[in-house]
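Please go over the structures that come below.
In the two assemblies presented below, subunit A is common to both, partnered first by subunit B and then by subunit C.
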Partner chain A sequence: MKRYDLIIVGAGPSGLSAAIEAAKRGMNVIVFDENERPGGQLFKQIHKFFGSKEHKAKVRGFVIGKQLLDEAAETGVKVILNATVIGLYQDKEIVVKIGEAVEHYKGNSIIIATGAAENMVTFPGWTLPGVIGAGAAQTMMNIHGVKPGSKILMLGSGNVGLVVGFQLLQCGCEIAALVDAAPRIGGYGVHAAKLARTGVPFYLSHTIVEAEGDACVTGVTIAEIDSSFNFIPGTEKHFDVDTICMAVGLSPMSQLLKMAGCKMEDNPKRGGQVPICDEYGRTSIPGIFVAGDVSGIEEASSAMIEGRMAGIAAAEYLGYIDENELNKELASLDKALSGLRQGMFAPENRGRLIEKTDEGIAVSDSLLKKGYVADDEIERFPGFTHTKGIHPVMECTQNIPCNPCQDACPKGCIKIGKDITALPAVDDSVSCIGCGMCVASCSGQAIFLVDETYEEGYASITMPYEFFPLPEIGIKGKALGRDGQIVCEAEVINVKSLPAFDKTNLLTIKVPVEYASKARFFKAE
Partner chain B sequence: METRIENHPILGDTKKGKPVTFTYNDMEVQGYEGEPIAAALKAAGIMVHRYTKKEHKPRGIFCAIGRCTDCVMVVDGKPNIRTCVTPLKQGMKVQTQYGVSADTFDKQQRGV
Partner chain C sequence: MVNDRLRDIGEFVPSADDDMIICRCEEITKGEIRKAVHDGMFTLTEIRRYLRCGMGLCQGQTCSKHVKNIVAKELGISPAELEPATSRVPMRPIEMRIFANEAKEVRSDE
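Up next, the complex of A and B:
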């Protein structure tokens, strides 16, 4: 039986981060993962991440994944793939299935970083081919380069449903509807707004009645539900779709911890059965640690910090560092993690209706129910200004932990301040040079450059654009509003793609000046 | 193969292995070496991977990461192969799985 200082189960964002920290401190570390490739779900995340610089904000998930693998290789972390850990026993003994062989390993310490599995909901027809998980959609389109379907209904309006929905549009699929049984959109408003402005309709307080088809999905019926989740007769709506994608939450994969005898609890705020642990992942069994989604559903950014914490805590447990060093190292990670856990979407706010922003501004009701801020609501937010000449218009209306826009502006005209969840505001005293760095840096694609004095009677609108084909200069089409409806005629007057924009193209259109505050998307004729 | 994403706005050209031919129920299908069997089938528009043993209901890709076992098929004569995590090779023989066999239920009942 082989023995290691530290055995980590799971080579995702938290497991790899833990391994890096432990290996850096001289520990002999091995990581097992059941998959063919390391990185967990990071390589399926093609959107720019939120947070601030220390959280790798505005870097795309798969790029963070590559960085993490490089760092793991540099520190000499050993990752064994296609290796399924099937048991965790007394005295930190693990049993792992590699190929057809079952091997035993012993760890002086163990970190469980197994992540989470997707939840599902059942309805008549849910077993039909064509009903898939959101993770399956991401795997097919972003890893294997195959479209998950052509016309898709997305069930679930949390960040997973919204982000995967947008990715489906990016690879050329059509989204017939985005449906959620909840009365309000669960994910970030900016993610919803990206979908809504392309014309994706949102159906809140709706769920699936049935999926239709004999051999595979050919259609779906949804209906509105009342407050006790009963269908309201007469509210049925039918869509011809070939794919139904489910993004209805995640559950921690904590079975190994339960098996090892760690104290567990059922905690809905953390996503289900989770080990009882302290803020650095120490479970009830000394030497067994947890990190990432297995101890509570959050996101990859926080999982990476939790992983680093657990790796450092394991190093201290085995005496590789002393308590002073432990406390010093954890303090800065504490700060980084608490930054991500602030704002309206903080874990403690899960399920709560928040009516006002920290600034005391009423939250957009339309954003929560339809996926876009209504024209008569947008003016009240501090990022929405009218100035002479070109200037940024920031349609960021919820307190989310994110601030790359503040650093992106070379002139410093965007202010968020120390609190990274504060709404961005424009400093009118600094003049915008129209470089577009803020537009490309916004992970929520919520920043536009507007020039209401572009030419006599016309305004220019510069928007982030991450679709193919990229419209060419001179192409005419329609400008769509935040709600995805046609507002006016538009013409493409500039297309900018720079390496610094990291694949977010800047599309500038010209619209009649009276639509400057309404036009937010472009559809070529 | 229009279900293949040839050029992606973020990922660019997706890297593929060398083209290979395999059989799906005696039909020749093209795919790329090393991609999951399920990806090649999906790209070819094949949705049904198997029929359940008791109720003979169709199943296809569901989780695509080897967790749910909905997509299992008979591969090179071996049943219950998770096609979403099994890399495709030249000349593979992939068959619809009926219960746990490549024989249709009719054939199974006749006991041939």
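Up next, the complex of A and C:
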């Protein structure tokens, strides 16, 4: 039986991060993953991540995955794929199915980073082909290049539902409706706004009554629900769809920990059965650590920090570093993690209605219920300004931990300040050169360049555009408002695609000046 | 209290969605799970042994939350009061011939 200093189960963002930190400190580390590719869910994430520059904000998920794999290889971490851990026994013995046999390993320490599995909801017809999880949709689109369906209903308005919904649009699918049983959109407003401006309708306080079809999904009926989750008769709505995509939360895959005898708890706030552990992933059994979604559902950025913490804690457990070094290293990671857990979407605010931003501005009600900030609400936010000439307009209206826009502007036009969750504001004393770096840097695609004095009677609007085919200069079409409705005629006057924009194209359209504050999307004729 | 078999949970009342499949792998319906509770299966472990739900290919990854909620509702308790079923080897489905095939030697990729 082979013995390692550290055995890690799961080669996702947290497992790999843990492996890197442990290996850097001289530990002999092996990582098992049951999948044929490493990286967990990272390689399915084609969107730019939120956060701060130090934590890979505005970098696309799959690029972060590549960086992690490179770092793991450099530090000598061994990753064994197609290796299914089937048991975790006494004294840290791990049994792994590799190929046609089972192998036994002993770890002086163990980190469980198995992640989570998708939840499903049941309704008549939920077992029909065509009802899929959001993760399956991402696997099909972003790993295998297969379109999951043509007309889709998305259930779930958390960040997963919103992000995958947008990716489905990018993939060429139509989203018939975005539905959530909750009365308010659960994910970031900027993610919802990306969908709403293309015309996706949101149905909050609604859920699925039934899926129709004999051999596969051919339609779906939704209805409004009251506060005790009962359908309200007469509110049924029918959609002809071929796919129902569910993004209704995740459950930690914590069974190995339970088997090993770690103390567990049923904690709905953390997603279900989770091990009882401290903030650095130490479970009730000395030498067994956890990191990432298995210890409570969050997202990839915090999973990577948790992984680093667990890796360092394991190094200290085995004496590879002393307590002083441990505390020093953990202090900086603590700061990073608490930064990510601030703002309106912080874990402690889950499910709470926040009426005002930290700046004391009333939150957009329309954004929470319809997915877009209404025309009469947008003016009150600090990123929305009217200056002569070209200038950024930032439709970022919720306190979320993200600040790449501040560093993107070479002129220093954009101010967020020390507090990473503050709303971005425009510094009027600095003049914008219209480079568009801020537009491309915004992971929420919420920054536009507006020039209300573009030419007599016309304004120009530059927007982030991540769809194919890319419209050509001179093409005429319609400008759509934040709500996805047609507001006016528009003409494409510029298309910019620079390597520095990292595949976010900048589309500039010309609209009658009176629509400068309304037009936010372009649809070719 | 959860395990008090003398507790009166009332008669089994049929419901319109009783034939909806909950455990896809073993094709167990909502009605079968509800009836099992009235047959005296008050714990998730008993339900699993009685019906095999959660013992198929996905090992309960999809249905265990649903089964838990259905059983809790039938017993008139909160799902958190129900002990989850035991976690044991093999954690993932595995063919018996592989399960029984201990690797002869340590991997040579060291």
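Following the convention adopted for this analysis, the second predicted complex is superposed on the first by the 525 of 525 C-alpha atoms of A that agree within 3 Å, B and C clash if a C-alpha of one lies under 4 Å from a C-alpha of the other, contacts with A are read in each partner's own complex, and residues count from 1 in each chain.
Quick note on the criterion: contacts are C-beta pairs under 8 Å (C-beta built on N, C-alpha and C of every residue); 3 or more make two chains touch, one makes a residue touch a chain.
Quick caveat, the model's predicted, so the values are computed rather than measured.
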item: First (subunit B), second (subunit C), both or neither touched by A:V85; value: second
item: A:K147 touches, of subunit B and subunit C: first, second, both or neither?; value: first
item: Touched partner set for A:Q273, first subunit B, second subunit C, both or neither; value: second
item: Touching partner for A:M259 - first (subunit B), second (subunit C), both, neither; value: second
item: First, second, both or neither for A:T139, with subunit B first and subunit C second; value: first
item: A:G76 touches, of subunit B and subunit C: first, second, both or neither?; value: neither
item: Touching partner for A:A117 - first (subunit B), second (subunit C), both, neither; value: both
item: Subunit B versus subunit C as contact partner of A:E103, first or second or both or neither; value: second
item: Touching partner for A:V95 - first (subunit B), second (subunit C), both, neither; value: second
item: Subunit A residues contacted in one complex by subunit B, in the other by subunit C; value: 34, 117, 127
item: Residue ranges of subunit A touching subunit B (in the complex, touch as defined); value: 34-36, 46, 60, 62, 117-118, 127-133, 135-137, 139-142, 144-148, 150, 170-172, 214-216, 466-468, 470, 503
item: Complex contacts: residues of subunit A adjacent to subunit C; value: 1-2, 34, 78, 84-87, 89, 95, 97-98, 100-104, 117, 119-120, 122-124, 126-127, 251, 253, 255-256, 258-259, 264, 266, 268, 272-273
item: Contacting residues of subunit B [partner subunit A, same complex]; value: 3-5, 7-11, 14, 16, 35-36, 39, 42-43, 47-49, 57-67, 70, 84-85, 87
item: Residue ranges of subunit C touching subunit A (in the complex, touch as defined); value: 17, 20-22, 24, 30, 59, 61-62, 65-66, 79-80, 84, 87-92, 94, 97-99, 101-104, 106-107, 109-110
